[in-house]
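A, B and C are the chain letters, set down in written order, and residue numbers restart from 1 in every chain.
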Amino acid sequence: MNPAILTDITKCIGCRECVAACKVVNDTQADSPRRWSLDDGLSSDNWTSIVEREGEFVRKQCRHCLEPACVSACPVAALHVTEIGTVVYDSDKCLGCRYCMMACAYGIPRYDWDKAVPYVRKCILCHDRLMDGQQPACTEVCPTQATIFGNRDELIAEAKKRIAADPDKYDNHVWGEHEVGGTRILYLVPKNFDLSFMTYGQKLGEKALPQVTAPAMHAVPFAFLGMGGLMAGVHWIVKRRIELSKTDQDASKEEGGEHEQGA
Amino acid sequence: MEAWLEFGRGPLFRFCLVILILGLLRSVVLSLYGMNEALRRAGDKIVPWSDLTNKTFQWLIPVTRLFRKRPVYSAISFIWHIGVILVPLFLSAHVLLLFANGIGIHWWPEFPQRIADLMTLITVIMGILLFLGRVSSRESRFLSRFQDYAWVPLITLTFLTGGLCANLNLSAGSYQFSMLLHVYSADLILMLIPFTKVAHCVLLPMSQYISGVAWKFPKNAGDRVAETIGKEGMPV
Amino acid sequence: MNRVRNLKLVLWMLAGFGFAVGLTRFFFGLGATTNLGDGVPWGLWIGFDVMSGVALAGGGFVMTAIVYIFGREEYHPIVRPAVLTAFLGYVAVIFGLLFDLGLPWNIWHMIVFWNPHSPLFEVGWCVMLYTTVLLLEFSPVPMESSSAWAKIRATLIKIRIPLVITGIALSTLHQSSLGTLFMIMPYRVPVLWYSPILPILFFISAIGLGMLMVTFESHFTSYFYRRKPEIHLLKNLAGWSRWVLLLYLSVRIGDLAVRGQLDALTAQGWRTVWFWVEIVMMVGAPLVFFSVPKLRISRTGQWTGATLGVSGIVLNRINVGGFVHLDRGAGIYLPSFAELAITLAVVATLALIFLFFLERFHVWEERPVDPNAKPEALPEFDYASMVSLGAPSVASRYTRSLAFILAAALGFALLSDDVLTSKGFESNPVRAARGGDTLWVDGNRDNYGVAFPHSQHVKFVEEILTPGIEITDRENGGVSFASETEVPQYHDKAAICSQCHHMNLPGDQASGCYECHSDMYNISDSFGHDWHSETAGAGLSCFTCHQTGMAKNAESAKQCNECHDDLVPAYAAIEVEQYLAPGYTDAMHGMCQNCHKIHAEEVEKADLGRCTTCHTGQTREVIKRDQLNRWSNVPNNDITTFSSVR
């Protein structure tokens, strides 16, 4: 299984059926604007949302990266990639450091700020439904087929077909095919539509974020042993020198003594 | 007036409540610490636990020696204590406004209003009698400090104004004024408790501890003193 | 004047203040007490307590390296305070983290559940291991005072060199891994602070900071205990730190050059200015103060240079830790009162422990005695001779605990009622619907409203729901109730209008929805207690409404319609709660959707289940052209004919 969702921004009419379905399936609470919420509609109770920009409707949700930054960031492996490729969260392991929220290039994970026992919340691509052979709730209810579920490779092919069929309508780029190593949520973007509001105003590169920290993490044992060895070596040399100078002194003293004796 | 009331019931109340709780805790810890230090300096290791509990309970239970000396005064004092402790804790208005709304405790039991009113009335009367008792006896006057005179009227005032607020048919026009008096005198009481004699609510065992340790000599104390000053076996 | 005693009093007060605020953080959660949010998941606690705490502890590994590895025994006098500072710095990190973590009781999970790819995992392990190492490194000092520990102490001293080497290696990892933490955020951290060699930058600056911190700490405590700092040693340290920081600067600029980002140094914007402020404090100040020989050997020079340098590096850690990417979130993050109070309390507590060790044990060569101190400030127990020196500490014990509880009480008192009750709801005031006959219902003015054809609805109610009752002055638009005399058939009109206008303001016959449902999403107060009780308002006595002899709450109060008999019309289609009104969106959705569902067979838009059925998401001009909304006639002024004169 290689699950993915293709969202065609040009087809979305902004009905928010996906948002409603998501809330029902995941049994999240009613939502109202809180001091700590961002204005994109996502919150610990809204795992997907529709953002309206320049007359287009863009659905926000967890991108389920192929190599997720949040998963590599989580110190206790509470966030992890399942065998079918969804990125899910184990609340029993979480210790609440919120590094995942900092690490996500899309700023997706949200927190239960109002609770005394808070957890991280985000879309889990309806993992349980996928395991039961169903498709995610959001794609199932979409009335215009703007967001569809399927095999990632097939969806990329489908997206490219649509672009080829109507090159004036679409940007010639499947957003999410290569971004930060590729994501399972793909977007077909209208021509000249600026998506930077989804990514802190930045243009994403193709390198997966875990690969950025990997060199530093690989260097850890070498740094530890290297610095340890260096210090041990320096210590040995310094000690030896001090001993030598001491024996030199002693020797010169003794020599002096002998000399005196001799004299 | 409203603003002053809100201040007295909000920030000032929180301030006084924390002073009360932490202040009493501080008194206990400091007196324990002091006692231990005194014991250590004295080189004494025996803590008279049984004596301590016995004495504490003797003072808590009214039928003791004291009753034989001034039975009426003791009885008044005992009833007064019951009212002073129970009414503020279980009055329905307090339970609702302070515990449920203010702190979020919803399971707190409460008295019916009528019983609370009755107890308030009794407490006020007992308070007046207590004050008269203290003023009328020469020995009491001789022993009394300012705070001994001030406490009973202060508490009685709080009860009186509280009772008036709960029963407006008694004094319709003065609600806000009596509420203001009630709230601020109650805040004052909370704040003063840890620093005055009313701290005996937690320090009673401590005072027994002090007198137990200070006035009870270990059995072989004399020998050990002799040992320490190096005059063993010598006639004292 | 007694510096130490005043300092301790202040520290105890800060600790007490934070104690109160810290308790509320655990009972009411992070949202109620901090200004953190989905856009700013890490704030002051990570930036200062954790990132800077670790950096400030850098003195420990630098000094142990100088003395034990490079064999410069002459620096031994400042090793002990440096190791103690480092140890307490790490304790502060753990302490601060307990407040910041959402689930602090799960902090041990890092030992059991491993994710070796995570920089934070590395950080966590380094903190645990290095704190242990520091504890072992320092514990010989307190063990001196008792012969019972002699054996363990001897063992610890025997393994000192391996311990020191492990400590240095762990510090290398840890100081650098704090930089690694932010490598995963190339899109979040701005270019002047982001670098693929952040770990190296962090490590180099930590060495420089370690030296500066030792200088700072020595001057700080010397001031309070009126002793002479080890200027002859510190001047060398200060000199070396200069070169380390210069190396740091060149690596940092060089890295920018290699990546071709040099023009960011002169780019417009507050970040560039901020970058240069940071560099001037962090590198410039030590460079200037420690290069002029006169300043370098003077107390003031050393102190100022070290303070500026230390603040500069703390600023750098706070910047990387979040400050410069604040606008990646939403709005401006400023630490809340609670965050500041807790941070100060953590620092104060650790400072108190530091002073405790300083006074009890041989952290310095000599035991600190304040020459100006009154006799009662002398150590009250001489551990050397095991002789008690009387009751001096009693006085300080009493005043300090008093300061603590007074500050704690003040902390609780100053917590706003908001913290104790608020769930962080934002208020979104609702504004009136605009328009003539066709109303543009857009309470929060986001142009995502609904066009509401009023006359169509009146017609529907009139013909279908209340047949036989007719509004007589239809010519006037059917909606303007200027005065009652002009409305002969008030009763009939009430029958029709009150189907939807289910509750009106006193004296009004068709109040606008927004007048009671005054918040977009939250439940709002439709009663106005303050107005009723204030002398400037109705000036009613409490017992006009509340029963005497009962707690004054909603239950003991009269219902609104006991005084205002015209509030709830007879034909209202909706039962109303008298004091609370649901949020505007809930009210509108409930009303429209329910009614349309009930009368599904008779109305045009039966199914309002889809948002876009009503929310066209278009501006008013578009509606005019829209065929479906042919009744639209939205004027540009805000006439609210619906809510009549109040």
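Assume contacts are C-beta pairs under 8 Å (C-beta built on N, C-alpha and C of every residue); 3 or more make two chains touch, one makes a residue touch a chain.
Quick caveat: nothing in here was measured; it's all calculated off a predicted structure.
Asks: Just list the two chains that share the greatest number of C-beta contact pairs.
Replies: The largest set of C-beta contacts joins the chains A-C.
Asks: Can you identify the chain nearest the overall CA centroid, using each chain's own CA centroid?
Replies: C
Asks: Where the CA atoms of subunit B average out and where those of subunit C average out, how many Å apart are those spots?
Replies: 41
Asks: When the C-alpha atoms of subunit A and subunit B are each averaged to a single point, how far apart are the two points in Å?
Replies: About 60 Å separates the centre of subunit A from that of subunit B.
Asks: If you average the CA atoms of subunit A and of subunit C, how far apart do the two points sit, in angstrom?
Replies: 24
Asks: For subunit A, which residues count as touching subunit C in their complex?
Replies: Going by the criterion above, the answer is residues 13-17, 32-39, 42-43, 52, 69, 72-78, 93-99, 101-103, 105, 107, 110-119, 143, 199-202, 204-205, 209-210, 212-214, 216-217, 220, 223-225, 227-228, 231-232, 234-235, 238-239, 241-242.
Asks: Over in the complex, which subunit B residues touch subunit C? Could you list them?
Replies: Those in contact with subunit C are residues 2, 10-12, 14-19, 22-23, 26, 29-30, 33-34, 40-41, 92-93, 96-97, 113, 117, 166-169, 172, 175.
Asks: Quick one: in the complex, what on subunit C touches subunit A?
Replies: The contact residues of subunit C facing subunit A are 26-32, 36-39, 41-42, 65, 68-71, 100-104, 106-107, 109-110, 112-124, 161, 164-166, 168-170, 172-173, 176-177, 180-181, 183-188, 196, 199, 325, 328-330, 423-426, 428, 448, 520-522, 583, 610-612, 617.
Asks: Give the list of subunit C residues in touch with subunit B in this complex.
Replies: Checking each residue of subunit C against subunit B gives 20, 388, 394, 397-398, 401-402, 404-406, 408-410, 412-415, 417, 533-534, 541-543, 548-553.
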